[in-house]
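So, here's a batch of structures to check.
After this come two complexes, each holding subunit A, first together with subunit B and then together with subunit C.
This part shows the complex of A and B:
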């Protein structure tokens, strides 16, 4: 009887436990499968002492240093850029324009973006081409720098340009709740400069609300693989990339696992250090606030801040345009500002090259989109019915443990159980990495929805399923579609789970873009990258359009 | 009854469908060729091969179509970055006892990777000896000995390769003809980059330089353990110490592959690109990736050349299908298409005089173009013993890779 469901808690509890188990099992297996070889418990698969092997490699320490450098600087710049954007752009005419540009930038897969960035900033890249030779007098590309550079600055630039929109969007979403306009008015009336209003009044209450997002970004920056492969230095590479090369090297799995553990533990220490710094800053900030200094508003500072944010956003947009141009290029030699000759060949000539990975990508994305939605609804419904408690920390776990740390172990387990290379194994991993975003996005709306809708419908005699499908889900259509779009975007961007668990048999667009880089025809990679970016852009547009269309129809009816 | 248990059950059923249930019977080398053909029908062959060139990938698509229509064999190209990864996977598979039903049926291999597979007994057997099309293969020294390691039919030759250089004749009038000239060229402002070892174009370049610079060239033909490594390689490191800081990336950033250097050549960031395919420039010019003023050459005293092979791992699931695929790859039809720069431009391993008369024109009619290495212009030097590659790579990384 459907009606019994709404009263009983047994079934929702069981279903929710199933979701939680499906979600946490690979996390445990992954951690176990990484720890066991690191400590010598899998001598067949991973002979030798992993930690000793690791310390023996002259690249280990430099790789670790490089990782800390790129991860820290990139995260600091993300924070700085977000604050600059808030202080200098909010309440200007640029602000709306900026907010409109952010979601598409966020939706672009990291790998595709990285490919475009190389085209943009290389000595023979688009920026130099645009200004040569008429301004620079360079007839040939300058030899002063190369991309990727040995210092990791290309990687830092890529991470900042990709992650800053994430933090800024999270911050922008919090502004209405903070009543920023009122705070600013109070601050200004009290004689504070606008920048001081932000630093003394608004940021202290904003920061705790975006802190978790900032930590997710820090974790990502310290452990990223695909972007580091494309934009990071090669000798030595970042730690994750070095460890990835171990996994594929005979006899080095123990070292790979040991390194993956060091990365995870190192990250935990890092978080701890950041928390200490936060404390320190809070103390200093409190003292300064108490001092009551009003300060002079620096118009120059605001202008510089504004234009640097706009310039960086413009670079991101140029990156995408560069990709698009290359995908239609026949010849484009230095220093031409635009392609010398055009062609449709890369899009139409070799359909198999695009369609096969497009199909593989779409299948995983569709599966993720549906399966995560079901799982998230199951969990949130159980939560609403009181069958399970809120455990939001659980969903953050895969976002805070480096992907390689989980996936090395998962791969070891899949080798032993002969499940590597199966479609379902890869799809499962995509599901695990997508679910956190879907649950966290849906949870906000799910918990806020007025329970009176439910009660009213139940009073009118509607059963549980009818209420769910006819009342709750339609009322929540916007966040549901947004969550589905995010699911698609996250799945489309997954490189490492597909690479490590897929045994090379599932050539998604992410895999094609990363593995073809440096080898395959630049125009073909650009085409693949454009295609990889189009998928999330399309679903995000749909997620915006569909509710609007439905609303219009309903208005016409009434 | 509610929906959830039903959905769960259906999900479980769907899961079960993805798990392989039966082991395929593996072919044996003693089977007659007819039996092999029969057994191969309906099999899916996972061919692990470098996937970094869309032209090679397209060629393999064609091979797949032909195998499907002619023999009922489905070819699945598993694109990988470095075949050493697959050697590692096979070692891992052997370690956990996955001795049948392996993930790899056929793999593209040569040199140190073949040596490692042979040493660790990860190979299927002397299957190449029973392939009918082996009769057309030219039994050159590099075909019978892969980097000095006896082949013994454990792998089947697929194509020839030689280290060559591509330059733009519109910018560079007299390209360097030897290791020594290359260094002076760079000192005079010439732009150059070699991929960082262990990228194989980089390793090959290092071997080329070593073979020219060392005072003990004879040591290279023997296993590295038998040589005084430091003494043999001393001139190489002195040379690289001088050259590396003057390269693209100043010896701190490195190109990642031969194809990368070709892209850099077209961008004007370097003057000379490295290739292992004498006909690559022709293909690149025709597809719009290089200017039509480029030319290909080898050093005047010759450059390193070798043969690349395909082989079947010991735990292959579709070994019969893999044998049929390997046999097709050395057929005159497949070899002629592969040799044509229109498709790939990889030199054939066949003896043109041995192939059926009606097929010979397919080889002799190929137009290599002015961009390719002129026929007969580059002497081929043999590869050092397989063991040198790893030793050189490790030494290079220790010196320059950190």
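This part shows the complex of A and C:
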């Protein structure tokens, strides 16, 4: 055993228990704090029968229907788009370009992306401007559609464009483990078309590996708040948005909690239904696989698929460019394709509006970045030393339970304990929602690092801390920095925890982007959204650059 | 069955190095051509070119015929060239039966079932029909992999170091099984082990990246 023996398993165990308790306590308190008012156990805080109030509201059923529609369709489209990208783009030159475009798209916060999408696809948006009047003959913005639309299609589009990169990146990370090239070679030489090789050989092995990510996306799509506020219809809104509006209505607190519980239970039922559908598809696929039918050439399908994926990726990139353009726009009259005049005024002249949210966001992000990294390392080290067992399911809990379900309860508890509005309360919530990503990203590399590195250092006389800081962390610098970048990105994007627990005292960029939308100058919102996107983009760039610089220096030394 | 013919094949790496230059050969049905040479001599690239899965960076020039039909512009899945690699690549999410059915051409259910039963019996694998590939020994996996290729009714068979991962005891047994099973097909064997080459085979040595 290495020098960790001197520390025994006691200290790592205690530290890991502390992390697990800090992580799970608010989850339990949140659930309890949501259930109690819903069932009438907190009449002072939430009077009335929540479920009855909810069912009496004529908006409830339409909101529920809209939520199921937008969440389901968006998730199905995310899956479809991912499969299309894999089947039609993998092993082509487009594949590398698309993979390169994914991390920046992932880093952009949801709210900022939603704002950009409105600027892109609205009747007065950039796409219409690019094709007007020379193709459309529109001299004024058309009145044929509105964004957000009543059917929730803008929200679906936003969710698909934002979540598909997440699933695609998860799938791409698994491909090297599946020996895709060899499977394709075997399948093709047995006479199957490339699309059939994917559907019958590769996807059945790939799907179980990306299933959890897909479920996280489904949970997110069914319960998202910030994107639904920006891109979803107003009447009825999605269920999460309706429930959030209850919190601000006196006497509706119990209804909000009851609705949050219904959302969580509904989501569980939904997961169960998806599992049944998966079983059915597996049975059908099994039969088809045995039939020996080779299928016809799928050239047209591959072409259509390829250009669909490329077009959607391009739209996502244009969304970001649209934001950037608006933030430097002085005047941009319809139907000009580009701004008529440019200015730096929104960046330099509005420091009152930008600096405070930037500072608040940076503080939370920095805290999250450091605190989640420490917690993740503590947990993974305890796991490595055998002090605790692998319990990855725990980290998925806040990703599967709707944020609104946990945070209503947490807010109720913070009101009772007079901790609402405290910086630490909000930072704690950010930490809880960031930690799962950091642990799960770091865990793969942490567990796979050859233990002989530790042993080699230990037999040279290095103690536990020296091995950790001089050997293990430097060897894992890439995943550590990536995990830190993800921590920043997740924290910067947090809207609901800040809105519900911050009591209006912490105006982060996420809060400013969402609350300013519709009421503030488009150019100022664009500037806020760009600023919100810049933070994670800078950190992601550093996470890529730093290991490269270190490697270059090491090569120079050698 | 038809002969597999390669005419004046030249494979060039992006840096200009030629993996093979003006290589030509014909394999008649029932014959085995052993392509031998050290690592990096281009043996696997030649197989890649034959199957249509050659890496895009490698420039290829040559002609490929199956009988009188040119295969050059035929997509991989339509060439009907069976392939066995060093690793058997039995699909882990399918049983032995399902792996074989995946290889078998579509058709009447009873005929397909009988073909599988017969081929497993010939290979001495009858009791393993519904087994999970993960539970098979290396030799059993090799035989199933070969059966899967043969059940797809290929016009020629390409073998890329198919015995390399087998232990010495199994190796001779599988070699005999393979040559017996493939006796009506043109077979191209890529190997660096002379013991793999059957007595009746023709041998083509690739040396220093030149044939």
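Following the convention adopted for this analysis, the second predicted complex is superposed on the first by the 551 of 558 C-alpha atoms of A that agree within 3 Å, B and C clash if a C-alpha of one lies under 4 Å from a C-alpha of the other, contacts with A are read in each partner's own complex, and residues count from 1 in each chain.
Quick note on the criterion: contacts are C-beta pairs under 8 Å (C-beta built on N, C-alpha and C of every residue); 3 or more make two chains touch, one makes a residue touch a chain.
Nothing here was measured: the structure is a model prediction, and the numbers come from that model.
In the superposition on chain A, A:289 contacts subunit C only, with no contact to subunit B. A simple residue count on subunit A separates subunit B from subunit C, and the partner touching more is B.
With both structures placed on the common chain, the touch criterion links A:463 to neither subunit B nor subunit C. Shared-chain residue A:48: touches no atom of subunit B or subunit C.
In the superposed model, A:182 lies in contact with subunit C only, and not with subunit B. By the touch criterion stated above, A:40 is placed in contact with neither subunit B nor subunit C. Residue overlap on subunit A between the subunit B contacts of one complex and the subunit C contacts of the other is empty. Interface residues of subunit A, counted against subunit B in their complex, comprise 2, 5, 11, 14-15, 18, 44-45, 47, 58-59, 62, 122-124, 140-141, 143, 146, 148-150, 233-236, 247-253, 330-331, 333-334, 341, 343, 350, 352-353, 415-416, 418-424, 465, 503-505, 507, 515-516, 518-524. Interface residues of subunit A, counted against subunit C in their complex, comprise 179, 182-194, 200-201, 204-205, 286, 289-294, 297. Interface residues of subunit B facing subunit A in the complex, by the touch rule stated above, are 2-4, 8, 15, 18-20, 46, 48, 51-54, 57-58, 61, 76, 78-82, 84-85, 87-89, 91-93, 95-98, 101, 103, 116, 191, 196, 248-249, 252-257, 259-260, 263, 266-269, 287-289, 291, 397-398, 400-402. Contact residues on subunit C toward subunit A in their complex (touch as defined above): 51-53, 75-83, 85, 87, 89, 91-94, 98, 101-107, 112, 148-149, 152, 154, 158.
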